[in-house]
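The structure under discussion appears below in the form of structure tokens.
Every chain is named by a letter (A, B, C, D and E) in the order it is written, and numbering of its residues begins at 1.
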Amino acid sequence: MIDLLATHFNYLAVVALLAIGLYGVTASPNLVKKIIGLNVFQVGIFLFFVTSGFVDGAAPPLLGHGSAPYASPLPHVLILTAIVVGVSLTAVALALVVRIYDAYGTLDEDAIEEVRTYD
Amino acid sequence: MSGTGSDGVYVESTIIMTTVRVIAPFVFTFGLFVMFHGAESAGGGFQGGVLVAAAVLLLAFAFGIDATRAWLAGPLTRTAIAGGGAAFALIGVGAIVLDGAFLEYVAYDVGSTGVKYGIELVELGIGAVVSGVLVGLFFSLASGDFTTSTGDAPDNERDAATPGGEEA
Amino acid sequence: MTDALPLLVVVPIVFALAPIAVDRVRENTGWLAAAAAAVAHLGLSFSVLGTVLGSGRTSYAVGGYAPPFGIELVADGVSAVLVVLVSAVTLATVVYARSVGPRSNTFYSELLVLTAGISGVVVTGDLFNLYVFLEITGLATYALVATGRSPAAALAGLKYLLVGTIGASLYLLGVGYLYISTGTLNMADLAGLLPAVGYDSPVLLTGFALLVVGLGVKTALFPLHTWQPDAYAESPTSVTAYISALVSTAAAYALFRVIYTVFTPTFDAAVPAALDVLVVLASVSVVVGSVLAVLQSDLKRMLAYSSVAQFGLVVAGFAVVNQTAAIGGLVHLVGHAVMKAGLFVAVGALATVAGGRTVDDLAGMADRAPVVSGAFAVLSFALVGVPPAVGFAGKWHIVLGAVEAGRWIVAGVAVVSTLLTLAYFARVLERLYFRDAPVAAGVADRPDAATASDTDAALTADGSGSGGAAGADNNPVDAVPTVPPQARVVVVVAAVAAVVLGVFATDLISVLEPVVEVSFQ
Amino acid sequence: MTSEAIVLAAVLTFSALGAAAAILLRDVLNAIIAFAAFSFGIATVWVLLAAPDVALTEAAVGAGITTVFFLVTIAKTVRPGGERLFERIEWRSVAVVAILSGALLATVGSLPAVGAADAPVATSPVTEYYLANAYSETGVENAVTAVLAAYRGFDTFGEATVVISAGVAVLLVLRQEAYV
Amino acid sequence: MTEILSLRPLAAVLLPAIGVLAIVALRRNPDVREGATILTALATFGIVASIVPATLSGDVYVTRLGTLVPGIELTLSADPLGMIFALVASLLWLVTSFYSIGYMRGLDEHSQTRYFAAFAGSVGAALGVSFASNLVSLYVFYELLTVATYPLVAHDESETAREAGRKYLTYTFGGGVAVLAGAVLVFWTTGTVAFTPGGIAALASADPVIARAAFALLAGGFGVKAALMPVHSWLPDAMVAPTPVSGLLHAVAVVKSGVFGVARVVLDVFGPETISELGVGLPLAAVAALTILVASVIALRQDNLKRRLAYSTISQLSYIVLGLGILSPTSLVGGLLHIPAHAFMKLTLFFCAGAIHVETHTDNISEMAGIGRRMPVTMAAFAVASLGMAGLPLVAGFVSKWYLLIGSIDSGTAVFAGVLFLSGLLNIGYFWPIVYQAFFQTADDSDAKPLVEFPLGGQRVRADGGDPVDRDEEDDGTAGGDDDQTDPADTESSAGDDQTDPNGGADPDTGLDAGALIDTTPTEGTVEPDIDPSEGESQVELEAKVEGEYAVDRHPSDHRRDERGDDDPAPADAVPDTEHHADGTDDGHSHHGGAPASGWEARGFGAETTWFMLGPITVAAAGAVALGIAPRAMVFLAVIQRVVFEVTGVAV
């Protein structure tokens, strides 16, 4: 068990981040914090990928700037792309939040629900 | 962020303005460097684009969003976006025209360094897109006067603007 | 190797840039760019289809880097059929949006980006590339949903964004699980490497589960469908028609790729329980979706829940894992897209004329919009599964495949769903054709019925009383809205396509079949 | 456990705490600050995992642009009153989260150890091909850039599309016609 | 049997489809539109008839339309069995087309274009059913038939009609789905669904459980349209449709497509041998026998003429199924021959009912006393057809029943012979009073008919029949299958109240009051077990009688208001007490049922109604007689004998 903790700590962190993120998305009453949760959730997945490309003692994959072993560049590429996707999603989500606030005057999910049923 | 409100909450601060005036060109240059230098070290079009956008954002914080917006008004942003995207696409399609596959830099047949130049052009395109979009996003989010605006937005909007204040 | 494959993605994006570049200089730029892109896309799709029909499966190495090192695009029978579908629906949407909007340049840019995203999902042969295109699709869809005028549209868009992003992220995590155990992302390469890892390894099983759940969210399978009814109901009709036809379809197609190309039927043989679970999930989706559809009074919501059910059927066909059912799933996937898009456009058109879009609002609309009503009727019966329309061809294969595989639950559910589908369409048709329009609803005559207010009168009023009042208020006789001709064209084309596809289902199947056959070898 | 691993574990723990704080802090501004701290922590993690490109991006995006966007948003909207420091715990969400984490935790043991040189990713022909040929084929020293722009250029094209799409999307959502 | 590639079967199916287009295109000009109907019908019949010589000489015209789904061809083949149905449908469509014109114009009905278009579509689908060469193609047309008929059932656009339409769709689609499931099972076990005279060989060796399940699904599915009990109740409700529809579709095309489906299953999918090995023939025959008897009993208790005819149809259709279930060659001939025989006779009867309705707006038998004076030819034709129904010689019914009788005795199931005798008596029981009172009584001296007035039975549908307020119970709303019941009915029923009600004491007293009467849900427990629940509404009346009188009679205005509570926007009648419109049926034309106060006037030959109606009536009646006198000359018997010979190898 201790051994597992030592060798697989990153994955435990992955699960922790996923859990925190998912909790944030589902439990936060505030729409902005839901989006924060979404970001945390995605970072959990990024961590999973980057960890998968890591080798003990590896140098960054700047060929010629270090010596083997290098970390696998592929996961880094994937995560770069995923980060960009993530920030784009965040921007759109925040724009939606701004518009929702404009219409309902609140960012509290329950309050919005109340307003809607009241309409 | 003292400069956020498009409605005049912005308070001029000499220290910030001076600092930004000094820093912004450096940030901008560093952004361009990162964009171009992605081939040799960490960095690339995306990171560089973000930094370039950050420089603009700094200006906006220092000199006020409206002032910066007025300064940037015109086709600059959308040219950056459309031009960057088109550059990327055209480099890809150009390879097809030259009988290669999409994005096959080798097809340009400009020697062994050709690939590298192709990659750097692509990075530049991405940088243009990213900086353009991020600047655009920032101003869009910050402006917030919607054509749909129902006019019932509560007054506390302005109050809320202040505590957001001093960041970044 | 055909250059049309990457161009399917690149061309719409290049055209999407045009309105951004010109911006407000010309009002029409957006529509013109979209129309040009749609036509070009259609040409490319047919060229891909031609290539596939001529030489079978074709692979394209982007950048000239051979897979698995570079990204591979794949054109086979299934993807060729789907890109043609994408082009056709795009073209129809562009035509339709000309009359009903939205008209802004940004709308058309986003629509083209969405087209590019879906095309990418369809042609890619790489799991991570698929993720990127899923996200392009998703992002564009969230924004398009929010183009609806109501504040609820923004809320629906955000809800969709949150749920959809969680789904896509779970998919990405699933890709991570496969990647960490094989080191590759190429679908074909993975298919070769997975058996060595061991299909019953917990890592692969978790990966599979994550992929399925992630795509299940995007496909809107029950109980992961929660975003879907709001998104469909709140977005403008042109958007609803487009996303109902293609977005969930793309996700279901991705699921097909995961099950058949990546995991292959040998996975089912090794771990039958995995797909049993999916069969149950899909079957529940069929039944619950249909029942919920029956309970709706808002037509767009009804059609939305209907999609939940129909995609349940499609996925059930996939999850049965035999050749016949898989083909049935694919046929229904294509057929459903055509039928549902037509139905949404028809509902949009009818709702414009009727001044409301609940079931009761449509009373007597057959007289005022005969063509659209007729097409709606044809599409409804097609979706119910009345032969020879395409709905039948899909269901037949799914049921037959399910029986062959001994998955009686799927066969039973498919049969039950037919009746439930009939239930929610029949009441609409009945309102359309066999009830008088409520406009002149003898309001003067009505007080005695209204004031009589005994239980009987209340019971028999059946909601038409209120519908009548609303109709009378909203529709002054002198300003009766009419069905835009573009809508009429689109609906009729959809109806004809649904029947023609059904009549030529054999040809459709002969294009799809080789793909499924290969995965069973 | 090597010293690098201990540092990594410490930074990861710090980041996770930052994330938890961002979720649990009731005041949104505090939450955003916690989120920025979390992003810095994660950027450090990327450096420790030999991913400087990702680290640079995370710093620029997570701690930079994303945070600015969050701040602009709350400046345009409203923060809930801060009578409590932390949110109440939603037990239903906890249950949902527990299912996911339980399922994932069950597989952690089956995953290859962190940094194992014989892990499938490290030994995969794809990784080896990139490390062996990226420089000679592209003339680019940064293998990440080579893979990003050349081998997986189509992904990157998609990425650029996402960015453009987001730009257009925000205009659509906010019903504006022009960027500036 | 040689197959000849020909486009004729396709033409027969396509012509009505083209007719649909023509009818829709010509909607602006009703006369030309009707011309299109007649021309199409004529051409269609011509094509079908042109195939007959080939059929008699053993050739089969086949049109191949390619593959429907892999492994299953979409082929139309005019084999002898299909020809029977095709001939009946196309010939009678022609006759009915004329009648439709007279009927629809006589009543000045709305939506006539839709009506004629759907009619042509239905016949096209029916021809497709007859020429389909395998189960799946059959299913294709079977479902199309459902879709095409639905607008006809719901034509009236009243709540009752919609209710009936809904029920029709539900029942028949349910049946269709069962057929599809059965077809899947057959395809799965044998790899083919093509019709093969004598049965698909592989089914004989298939797993008996699966084979039985497939048979149950197929027979059950087709049984819905064949109105086998207990899935028959859509048929009486569908009588809300205009009478020509009831006549052609619900006595000929639609219900016969169900029966025809059963015939296909018995003869060409399983084959008599396999069926008797599986032991599923007897249950089928038993269901049919039960249906014959129960439906006849129910028919006795209907006062509405069309409803009585509907139950008669249910009963008569089961003759065919009975013949198919008994499985002996002779009974097969009898069963199949009953397809045309019943078609001619029942069509005559419906035509008569329709003519009466158009001319006098009378729908209830109790109001028809003396109507023979008013409509002599019509009622004479009615009498002839009734005799045929009962199986008396010289009319078509006799021949088919004769074969059935011989067949059932041959095969050692004499109990079915008993059923046939008994049902013949019941037939006389429910037809004779109509004929008798039409000719030999007048409105004034008509007495209560014992069977009709039997206290348990609903002597007539309640005057406000089919009130939709009961719709939450499945079988209500069916009540008013037909239009307009009127005050005289109420009066008469009040007369009936004088009789002691033996069951009255057993009925739970639900404490009815004026308001509660209508939506009282009949308690099923008080209905006799063998009686269809749709008779529930009579129970309401019984309960009303316990109260002493009808709430309706006490508060006529309340009553009317209740009825109009639904969506029907038509303004109500201005004059109370003279007429009660049944709900929703009174759009545009109001009816006065029953004899005028002065009694039925006498009209001479040809003056009773238009020739558009009289002509078809006489033709149909003549057909029924011709089929009875010279069955062989009418082609049908010869074709049927060929069918049975091909299937069983026995020449009958």
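Everything below uses one rule, namely that a residue touches a chain if its C-beta (ideal position, glycine included) is under 8 Å from a C-beta of that chain, and two chains touch if they have at least 3 such contacts.
These numbers come from a predicted model, not from an experiment.
K.L.:
What is the set of chains touching both chain D and chain E?
P.N.:
Chains in contact with chain D as well as chain E: C.
K.L.:
Along touching chains only, what is the step distance from chain B to chain E?
P.N.:
Each step joins two touching chains, and the minimum needed here is 2.
K.L.:
Touching chain A and chain B alike: which chains?
P.N.:
Correct list: C, D.
K.L.:
Which chain, with its centre taken as the mean C-alpha position, is closest to the global C-alpha centre?
P.N.:
C
K.L.:
Just list the two chains that share the greatest number of C-beta contact pairs.
P.N.:
Per-pair contact counts point to A-D as the maximum.
K.L.:
Measuring between mean CA coordinates, which chain is farthest from chain E?
P.N.:
So the farthest one, by centre of C-alpha atoms, is B.
K.L.:
Just give me the whole-number Å value for how far the CA centre of chain B lies from that of chain C.
P.N.:
Using C-alpha averages as centres, the distance is 36 Å.
K.L.:
Quick check: how many Å separate the C-alpha centres of chain A and chain D?
P.N.:
5
K.L.:
I'd like to verify one number: the distance from the centre of chain B to the centre of chain D, where each centre is the average of its C-alpha atoms, in whole angstrom.
P.N.:
So the centroids are 20 Å from each other.
K.L.:
Averaged over CA atoms, how far is the centre of chain A from the centre of chain E? Could you give it in whole Å?
P.N.:
Taking the average C-alpha coordinate of chain A and of chain E, the gap between them is 67 Å.
K.L.:
Give the residues of chain C that touch two or more other chains, as numbers and ranges in rising order.
P.N.:
Within chain C, the residues that touch at least two other chains are 6, 10, 13, 17, 20, 23, 62-63, 128, 132, 135, 139, 142-143, 146, 151, 154, 157, 179-180, 183, 185.
K.L.:
Out of chain A, which residues touch more than one other chain, so two or more?
P.N.:
18, 22, 35, 52, 60, 62, 65, 72, 74-75, 78, 80-81, 84-85, 88-89, 91-92, 94-99, 101, 103
K.L.:
What parts of chain B, by residue number, touch at least two of the other chains?
P.N.:
40-42, 44, 46, 78, 81, 85, 89, 92, 102-103, 105, 130, 137, 140-141, 144, 146, 148, 150, 154
K.L.:
Any two chains that touch count here, so list every such pair.
P.N.:
The complete list of chain pairs in contact reads A-B, A-C, A-D, B-C, B-D, C-D, C-E.
K.L.:
Spell out the residues on chain C that touch chain D in their complex, using ranges where they run on.
P.N.:
These residues of chain C touch chain D: 6, 9-10, 13, 16-17, 20, 23-24, 62-63, 65, 68-71, 73, 104-107, 109-110, 113, 116-117, 120, 124, 128-129, 132-133, 135-136, 139-140, 142-144, 146-147, 154, 157, 177, 179-185, 197, 201-203, 206, 209.
K.L.:
Can you check the complex and tell me which residues of chain B touch chain D?
P.N.:
1, 4-5, 34, 38-44, 46-47, 50-51, 53-54, 57, 69, 72-74, 76-78, 81, 84-85, 88-89, 92, 102-103, 105, 112-113, 115-116, 118-119, 122-123, 125-126, 129-130, 132-144, 146-148, 154, 156-157, 160-161, 163-164, 167-168
K.L.:
Within the complex, which stretch of chain C touches chain A?
P.N.:
My answer: residues 128, 131-132, 135, 138-139, 142-143, 146, 151-152, 154-155, 157-158, 161-162, 165-166, 169, 172-173, 176, 179-180, 183, 185.
K.L.:
For the complex, which residues does chain B have touching chain C?
P.N.:
75, 78-79, 81-83, 85-86, 89, 92-93, 96, 100-107, 148, 150
K.L.:
Could you list, by residue number, the parts of chain C that touch chain B in their complex?
P.N.:
Listed in rising order, the residues of chain C that touch chain B are 1, 3, 6-7, 10, 13-14, 17-18, 20-21, 23, 60-64, 149, 151.
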